[in-house]
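Here the chain labels run A, B, C and D in written order, and each chain numbers its own residues starting at 1.
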Amino acid sequence: MQDLLNEILDEVRPLIGQGKVADYIPALAGVAPDQLAIAVYSNDGELHVAGDARTAFSIQSISKVFSLVQAIGHSGEAIWQRLGHEPSGQPFNSLVQLEFERGRPRNPFINAGALVICDINQSRFAAPALSMRDFARRLAGNPELVIDNKVAESEYQYRARNAAMAYLMQAFGNFHNDVEAVLRSYFSHCALRMSCVDLARAFSFLANDGYCPHSGEQVLSARQVKQVNAIMATSGLYDEAGNFAYRVGLPGKSGVGGGIVAVVPGRFSVCVWSPELNAAGNSLAGMAALELLSQRIGWSVF
Amino acid sequence: MQDLLNEILDEVRPLIGQGKVADYIPALAGVAPDQLAIAVYSNDGELHVAGDARTAFSIQSISKVFSLVQAIGHSGEAIWQRLGHEPSGQPFNSLVQLEFERGRPRNPFINAGALVICDINQSRFAAPALSMRDFARRLAGNPELVIDNKVAESEYQYRARNAAMAYLMQAFGNFHNDVEAVLRSYFSHCALRMSCVDLARAFSFLANDGYCPHSGEQVLSARQVKQVNAIMATSGLYDEAGNFAYRVGLPGKSGVGGGIVAVVPGRFSVCVWSPELNAAGNSLAGMAALELLSQRIGWSVF
Amino acid sequence: MQDLLNEILDEVRPLIGQGKVADYIPALAGVAPDQLAIAVYSNDGELHVAGDARTAFSIQSISKVFSLVQAIGHSGEAIWQRLGHEPSGQPFNSLVQLEFERGRPRNPFINAGALVICDINQSRFAAPALSMRDFARRLAGNPELVIDNKVAESEYQYRARNAAMAYLMQAFGNFHNDVEAVLRSYFSHCALRMSCVDLARAFSFLANDGYCPHSGEQVLSARQVKQVNAIMATSGLYDEAGNFAYRVGLPGKSGVGGGIVAVVPGRFSVCVWSPELNAAGNSLAGMAALELLSQRIGWSVF
Amino acid sequence: MQDLLNEILDEVRPLIGQGKVADYIPALAGVAPDQLAIAVYSNDGELHVAGDARTAFSIQSISKVFSLVQAIGHSGEAIWQRLGHEPSGQPFNSLVQLEFERGRPRNPFINAGALVICDINQSRFAAPALSMRDFARRLAGNPELVIDNKVAESEYQYRARNAAMAYLMQAFGNFHNDVEAVLRSYFSHCALRMSCVDLARAFSFLANDGYCPHSGEQVLSARQVKQVNAIMATSGLYDEAGNFAYRVGLPGKSGVGGGIVAVVPGRFSVCVWSPELNAAGNSLAGMAALELLSQRIGWSVF
């Protein structure tokens, strides 16, 4: 495995330079583009890494899995009264579908859906951002994970489109807390910093029928885990979920920080990272690395 | 397995009466609504059935898998220049997305995408409908499969929306053959009659790395099979693909005739049938039966 | 004329009860539905009234004409860099078109366009709401016009959809001031209270080549007046502008308070009022009264 | 008047070269781009012309007025059960709005609406194209007007988008005759050849309360004329109707052949022609000429 990971990073490293680091906020635009990492964590507890696998980065939309899992944890099936679990077939931040479908987001991984999940969590937790950070700490077994407040603040300054979505949902009666407060929580979630090792460890419970080996918690039931993985498989990679299923064949979730996590049910959790993104907003080298890995080991669930 | 199938049909039978048989053409509206069947075919060649599993029905959109596989067979990756493999997030017959995306359908299982696949096959085969029928005969190991020409003709009479899509794609330069001729082929495909047993057997190659045990053909490569399964998993059930992944967790394809096929990669192919449909156009009792089956045997790939 | 106005109100009074008073905020929902009024002001200074023509009501979207005229006054053609003057073909508060057209509203009379105009005025005036109120006072020759702050505050509480629009335009770089501040100004404008007499007098300059007889101001040039009238004619009645042109044939502007103003270029300004609205959000009895008036006097410009 | 027309053509002639002749069919692409003409016909029967005012060109969408007037003539208000008279706010050939509004076109001057009008006429006339040609001959007082069958045939070859619209309306039950037959009629209408003089004379009845001085017919009632003019004013220039109202201020109708007709109610009918089009599909020099003419004579109805 170790040789394979090194080999794959060598193969995809030439792709660096062909993508584009997210630059919609200054705090992200400054990330060194030539970083590349992979970490694979097995259900047996074995960890294999290559590249900058212990360098923390901004997890961004990967945090949507954590907040979804928290919401399922305390509210279960009731959350689906507020949003769906269908793929959207639209850019991740479009308001068009949201207006046609009367303020009900298609799934928890487009921005509108993640905002509804944050709204649900806001009603439950006194300090949702810290609750989420602490949840991620337990899942990763790393008590030192931190939120980069400078990134969170910078995202808040550029909140216009997300604010538009939240207000549109409020107009349809599908947003219950103060919009500004929920946006603050949301951007704090996105600004959590984790490394590939942290993320591979933190997603282990999704490969492991809901059991987190680091905290000893049964985070979700086995059935709930299958459901979360199903949503990642159909909606986890923005408007490229179909392509990810086609090329990689695993449940996964990406973020504009350049990280992608994937789950091999019953066996492994994986995280790749490279800051340059493709046109769909997913890590360019990361996608390539996961495709090679999945093909060489035969990991596709299909 | 046999007991389980009987038990599941008994459990879902009370749902009959809660759905609605497809009635957009008279030839389909007349189907007896209380029919119910299941067939499971294992990679070892074992067949288990319950209910009306040998009764043939109109496979309708399930035929889109056959024509896609034919197109991949002769043209490989080149077909993706004409259409995508992303979920659509829209009703299966919407023209809105097709216009915004300039005549390029999102995937081969929405009607527009299936029409493009038929257009591709029309350029290759002298008699595309017969080629597809013969292909299905070989896959199912049943030389007696027939196209119901009355159904095909009736669908052609009600072709308006599909004709609109085909002409819109032609307007964007993404349709190469005569629209009327391709529509004829398309409706003939949909009018093929197969039973649950036929379909479970015919889809066996998708559970079996591309090898069809009945004809001895290697229909597709193992990698191509994973790709087709991935597209079924993200786009196979109209605008309910996410829900199917969430509840059943298998690649699948449905038709408005009330059939649903599903694939347990490496192990089984399955077909359920019950003519009454839910609001999304999928067999109501069939969905329920597959959900029970998947949960009780732990078949979800996620 | 006086007899005609009385006669018309008698004819349309039976329509009361067939519409619906705006009820999206409590402050508007409480208006007595059986009020009905008309005022006609000629370029010669003659005033004819019938019904409750001196009762003040919430002018709501009619204020969009005042703020547009203010913006043209200080910025001229430059405002068209920020918005268009094309009809929208969409409900007045839709975000769909706004997203497709990248944050550039179609015209100043849909909500998004009115918000852009308010944003332009916010950059120019220290207290935009008071500037607009004072402008309306001068145009009407009535120094006692007031803003109903209770209505303004109530609208602000229900600002979600307008906030969504403003933030969406900000996301596209087409909104320069603080969203909350501009929304406050916007709702204050809408909450101005004027009677039919006030409005007929205030719109007189649009029938009079830009000259306001009450203040003695040349408010706009003759050419600018034609332009404002043209925009009212194509976009002044929400998604019923075409119908208004078809039935009444005059430049006009309506508000959800139940008022409609119309201009007979070179001759008259008119205001009708009746609080109950039709499905398009325009005064039901008011539309009917204007249609009768236009037909009997042959006022249509077409 | 004569001097003014000459002067205006001199002023706008330098614009030739900045637009683009319609080239979607070969038969139109070959038109010499440097042609320019104007004709003004007064209700008193005076004709003033400048430039190539007796050269016939393809009237294209201007024919939509003739077919609308025919339909109003035989069916009156009943036609509005099939389509609206609201501006569309969309490109003239979009299917998006048509699908959202369930096959009911917004107005008779977008393609979908014109096709519905043709469908209505097809139910009434044995040979709709010849009926329309003969109607235009009578209106223009020119028995030699001809349809260019080569253009009609060429348009038919490129019918895909119009066919898509017609089939989509048929899918919604809003198309009653054979699609191909109606498309043939529609393209024949568009291929009628008329000069500026012919068109100025033919539109005279719309300036003249419905009376055609050449045939002596009362073509429409005075009220119907106001209605047709209102629809031209709000929807006559594709997605530039608002701009035409803003700049010219007259009811008008354009065609991709480069002609634009306009009506000065009670006084004149006008036609300009220059084949090069602006981005909205309207004659570039023609728009400029009408703007100058309207401003210098003070023709705007607003």
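Throughout what follows, contacts are C-beta pairs under 8 Å (C-beta built on N, C-alpha and C of every residue); 3 or more make two chains touch, one makes a residue touch a chain.
The chain list, named the UniProt way, goes like this: A, B, C, D = Glutaminase.
All values reported here derive from a predicted model rather than from experimental measurement.
Where touching is counted per the definition, the chains common to chain B and chain C are A, D. Of all chains, the one whose Cα centroid sits at the greatest distance from that of chain A is D.
Inter-chain centre distance (chain B to chain D, centres taken as mean C-alpha positions): 47 Å.
One simple way to say how far apart two chains are is to compare their mean CA positions; for chain C and chain D this gives 32 Å. Per-chain Cα centroids separate chain A from chain D by 55 Å.
Contact of a single residue of chain A with at least two other chains is seen at no position. Touching chain pairs in this entry, ordered by label, are A-B, A-C, B-D, C-D. Residues 84-90, 97, 106-107, 223, 225-227, 229-231, 233-235, 239-243, 245-246, 249, 251, 265, 295, 300-302 of chain D are the ones that touch chain C when the two sit in their complex. By the touch criterion stated above, chain B contacts chain D in their complex at residues 94-96, 99-100, 159-161, 163-168, 170-171, 175, 179.
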